[in-house]
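Presented below are the structures under discussion, each in the form of structure tokens.
Two complexes come next, and they have one chain in common, subunit A, joined by subunit B in the first and subunit C in the second.
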Partner chain A sequence: MAEAQTSSVDLVVIGAGPAGARAALRAQACGLDVLLVDENPDAGGQVWRPLPLGFSRAGDASPSPEAVQGDALRAEVRKSGVRCLFGHKVWNVGSGLRIDLIGPDGVVSWQPRAVLVATGTTERVLPFPGWTQPGVIGLAAATILLKSQNMLPGRRTLVAGTGPLLLAVANGILKAGGEVAAVLDLASRRDWLRTLPSLAARPDLLWQGAQWQIALRKAGVPVLYRHGIESVEAVAGGLRIRARQVDGAGAPVASASSRVFEADAVAAGHGLVPGTDVTRLLRARHRYDAARGGWIADADAEGRTSLAGVYVAGDGAGIAGAAAAGAHGEMAAVACAFDLGRLSARDHARERDRLSAQWRKPARFGRAMAGLMALKQGAVAGIPPATVVCRCEDVTRAEIDAAARDGARDVNQLKAWTRCGMGPCQGRTCSDVAGALLAAHVGSREAAGCFTGRAPLRPVSLAEVAGDYTYADIPIPKAAPL
Partner chain B sequence: MTQSSSPATFSLRADQAVRRGPAVHFLADGVSVPAFEGESVAAALFASGWRELRRSPRDGAPRGMFCLMGSCQECLVWVGSRKLPSCQVPVAAGLEIETMAFREQRIG
Partner chain C sequence: MSDTSRSSAGYDAVVIGGGVMGCSTALHLAQGGMRVAVVDRGPLCREASGVNAGTLTLHMTRAALVPYAMRAWQMWMDAEKWLGMGVLATHVPGLTLAFTEAECELVELRAKARREYGAPIEVITPARAREIEPGVHPGLLKAGYCDIDGFASAYLTGRAFRHALVGAGVDVIENAAVESIDSGDAGHTVRFSAASGRASLKAARIVLAGGVWIENMLAWLGVQIPIKVLINQLIVTERIRPVMRTVLSVANGLLSLKQFANGTVLIGGGWQGEGDRDRGGLEARPQNLVGNMRLAAYAVPALAEARIARIWLGLEAETADAMPIIGDVPGVPRAFVVGSAHSGYTSGPFMGRIMAQHILGQQPDLPLFDPARLLGMPMPGA
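The block that comes next holds the complex of A and B.
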């Protein structure tokens, strides 16, 4: 049989978004032999996602700041000669940090001395009745659709949730020639005003936000603060959305009457959750930090986790925003170079302090936004019992509550009893809300815990993993003497 | 899987800022779908009015693309011998994909 080849390298960086790509560039500059891997076809991550291959920007269109930053990063990665493995998914990290990937040509394995995990975030969508209807997509999904695919989510879209993506998506839709039925924001105007001091660090974004507000008003789009989606149902020709007022904790106000909107698409998102699949799989120590998005690997300021040779950086290490992610990635790379003996203590300290200063200002802004997008307890408490929480396995809130009442003490027990989080998404979509629901029974998020990481991190078929390994290759141990 | 009843008379494609790849067709469950090279299969199907990609395992409820970043696995389709999130599969001329229900029925 052909044993899958395992190649050696100093450092594997998982994720080529702003944190991972910058980390790889910096690690290479420190003299490390680096491999940068990503499941997407090029660097940039979700925030600086490139246009699809074969697309080009129209001659007269001025590219967005994100497009400019993404293109610059991609050009720098190409020019640097950093070894890249794009279009490859990490499906396992084995003993001794062996990285198993699957790409278009099958499985490959790399054996690094250190791993830097920069896997970014996934979007949290708070479940509501009807959120599984085709045509209901995430806010981040709408962003990808608009910016990368240059496609509208619908002719008329309702935009709902929390955070800065709300206005960005609503305006993206208007600009692309679509209609916005309404914008429903769980936050109040006052919640937004409270972020002003940290927004002062980014006058460009403050200005952009104001422009977006004006454009929505001009287009006559209703913007309802402290409102959430009560339900979405499929009706002839589209979707009927009921919106309801919520209180400061995000819980629906029972006395308020619901407002009805018609649209053919809904984009809903309630913040970002750090992607911790890899560090959970490796059994690194994790901690719950609501302000930074939820469960994150317990790491020092430079991204060192509880495991030797395992580093985290960027939003996956705790949300601080894309602008801060690059410096964070470089900080982790410098720490790794020092730990591997490639950087002197003096050079390390100098670079660490410089990068830390560079990181502080954008991180302050990013964390203020993360605060706006933090999970709202009342919104979780208000999820109706029959609502599906785990989309993969159709597990409802009522089933989660019942399991808790029957004695499920943590999310892994909940998973074993109800299949919540056991489906192909590996709990990435439901884990945060399932954990919050269980926490209401067991006292805290810490007590409810987080899903144990399990391979495969991405679905792979047995045939792909086994390759040409056949029955004949199975070693048969000698039978024990009778 | 059948196409949604609402025909896509309004184009969801927004071409103000971009020149798309060449116009091509790909096959989904044996149906020819017009698209542009490089678009994700999920987005191209969605733009053609094809929103339902599969049924959920327990409730049999309709599901379609959701996260568009390869995380949620809602848009899984067969591409040859591999089950892939269609949001991560670029359209190319001659590409053939099958929804899970279609393949199940075909193979029996």
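The block that comes next holds the complex of A and C.
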């Protein structure tokens, strides 16, 4: 790595989902020299997920709308000639915006004038007893299995959580020939009805939702509203799932009796949390916004953060959905082109207003869905004491509460005292729930704060960073004083 | 905060800076019968005292500080007894590795110097070293060996000290940034700002224990003593299979390696990153990350397979003569300073104890390090 060349470029876009890919295309059209990077083998992100290398859709007679849209985006990126580094993980971003990546051929570094962060979201799972055992996966993980390789999570899967992914995953399983034991939705029918006005703008999605409902009814799948998972335990031949009714805040209703289901897989997810690893590492200013998924970089409407040259776009900037992400990405690209002097004030204003109008409708829908998926306080309060919250380090809710009682006032102190968030995922999985648990002791999410960002953004091996060397190649500094 | 009710009555001592040395000083003062408060601009032990490599070694301690470090080593091992809560202090042997002829000489020289101050370090053959540490590189030529070595999990330091301080009746005032001190015949007024607004404490005595920020603290009292800031890089791996069972360093001291019971391996040694006193640690220097990782993976080849989980920076203080600053603040009655010891974490609890002994009018177990010697002493290389 020490020998690796650093190449210069105007803009590096991190993440090639709908926001990042559209941002890169637009930035290039504005005359910027752009590099688009993603750890996946092609563009598309989570919603328009590319197939793994060596796979093709040749045999798929009726590809999903998402597959079709994703293929169109990938074709457009290829045709545009935008420089792409797929299969590369960004493991560090320096304060001077130097981007360190690791790919199949080792480490490479790029030095852009600006960076646009479009890193999407991480799935939130509200911990329940048994959530860390084999056979229990996230809803988003289930969509990866289904979309990228047409794989079922199990023969018979229980689907639980919140938000539009519930129906999408349940139907994806049915379509792929699997069984669905039940769908448990923390939201009520009325919660869903409240999102109808925003859906009016998307008759296509309304239609799709109705089709999904019909398919579930036809297959005889029980759909339980205002229900959550009480526990999952391994039994001979599979998993036993206890479901319990919850109240409007997501808290289990003690008086209700639990219902028992048998399955060999559970797909559970409780919304999405914006991916802020890069902006936290760079020490940009952040704010807490529950309705948009949690902690997000403090940014203007065009994605300018508190740091010069650092932009955010798409769901990672605050959840507004994949359909809105493209326009948001383009808005940030146009802002960046203007800031770098490649676009006149008049052209910038015109494009910004046009893109903003294009963004508004889908964003209204996306934000309604984000509201449905927002963290429910009652559900957090109802996590049993012995349940693991940080699965990398096996830190339980009781240990988090004990640290708070001992005087831990913010999540970084909590991390030091309990190891919560110290594992390989760097707190991506547990930080939102751990923050909510601590906030109950210290008064607010703002007071509890968010984890300080640290390199590496993705784990990287010593061998990869060290490269080939002999002892003589190690630039050993002069000895410490004796 | 209970400080406002206390402030009218006043404290016997207010310690500014809640790292290891400040906390240990405060605890020993309270145990000596004083009414004490600790004020820190952040939470306790979240700067150097909570983010260092936790090495409890004599191999990297300055030779003249060996007697201090040996006493402190015992205090760490006994932490549960006197703090009521441990820091996972673990006793394992320590080795200093030599891979070249020049390093062999250095190992001999440094072992001899530290032996003169009482460190039980002997120089051993590679065969013997591999019996003690099978994971070490086969190209080893010689090693310094010391049974008194080990490590703690530094991130637990704040929790343990907070527990002990609260138990001893010390007022712990966190997230309160001291802005000025007025000193007069009636004592000191310590003014600070916190989330709840500005407040002040009255103190018969003050103790400055601010690590690299001691320079700024002394300036509040009109005293100019330069303190150098080292920006040390630290690297920790994911949990991996057992690959080592000792604390390892290299001849010139620029590596520290240990594997914790949880399987993670911590790589330190004082390779420098970017940062300064005002902004703290900013980021690692890529070439120094590469150098540090190469050295680590050379010393223990099995480490090459490990993945890095996290990289961070910690600030270490150094005086002009690289010796501690512990004693009376020159020219300011009833004001004291404790800090800037090389390998300060290792020696920290003991340095706090002798500081407290001096303030309580007792004979310190070992001599202090008079701050007045540093007045006007130029910083080497400055």
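In the analysis below, the second predicted complex is superposed on the first by the 462 of 482 C-alpha atoms of A that agree within 3 Å, B and C clash if a C-alpha of one lies under 4 Å from a C-alpha of the other, contacts with A are read in each partner's own complex, and residues count from 1 in each chain.
Everything below uses one rule, namely that contacts are C-beta pairs under 8 Å (C-beta built on N, C-alpha and C of every residue); 3 or more make two chains touch, one makes a residue touch a chain.
Bear in mind that the values here come from a model prediction, so they are computed numbers and not experimental data.
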Which superposed partner A:Tyr469 touches (first subunit B, second subunit C, both, neither): second
Which superposed partner A:Thr132 touches (first subunit B, second subunit C, both, neither): first
Touched partner set for A:Gly423, first subunit B, second subunit C, both or neither: both
First, second, both or neither for A:Leu482, with subunit B first and subunit C second: second
Touching partner for A:Gly407 - first (subunit B), second (subunit C), both, neither: second
Partner chain(s) touched by A:Ser461 [first = subunit B, second = subunit C, both, neither]: both
Touching partner for A:Trp207 - first (subunit B), second (subunit C), both, neither: neither
Contact residues of subunit A, present in both the subunit B and the subunit C interface: 423-424, 459, 461, 463
Subunit A partner contacts - residues on subunit C that touch it in the complex: 43, 46, 50, 60, 62-63, 99-100, 106, 110, 113, 139, 155-156, 158-159, 162-163, 166, 172, 174-175, 237-238, 250-254, 262, 270-272, 274, 282-284, 286-287, 289-291, 293-298, 303-312, 322, 342
Touch list for subunit A against partner subunit C, complex: 1-2, 92, 94-95, 98, 100, 109, 403, 406-410, 412-413, 415-417, 419, 422-424, 426, 454-456, 459-463, 465-467, 469, 471, 473-482
Subunit B residues within the subunit A interface of the complex: 4, 6, 10, 12-22, 36-40, 43, 46-47, 51-53, 56-59, 61-74, 76, 81-83, 88, 90
Residues on subunit A engaged by subunit B in the complex (per definition of touch): 39-41, 46, 51-58, 61, 89, 122-123, 132-138, 140-141, 144-146, 149-155, 175-178, 237-238, 264, 388, 391-394, 423-425, 428-429, 458-459, 461, 463-464
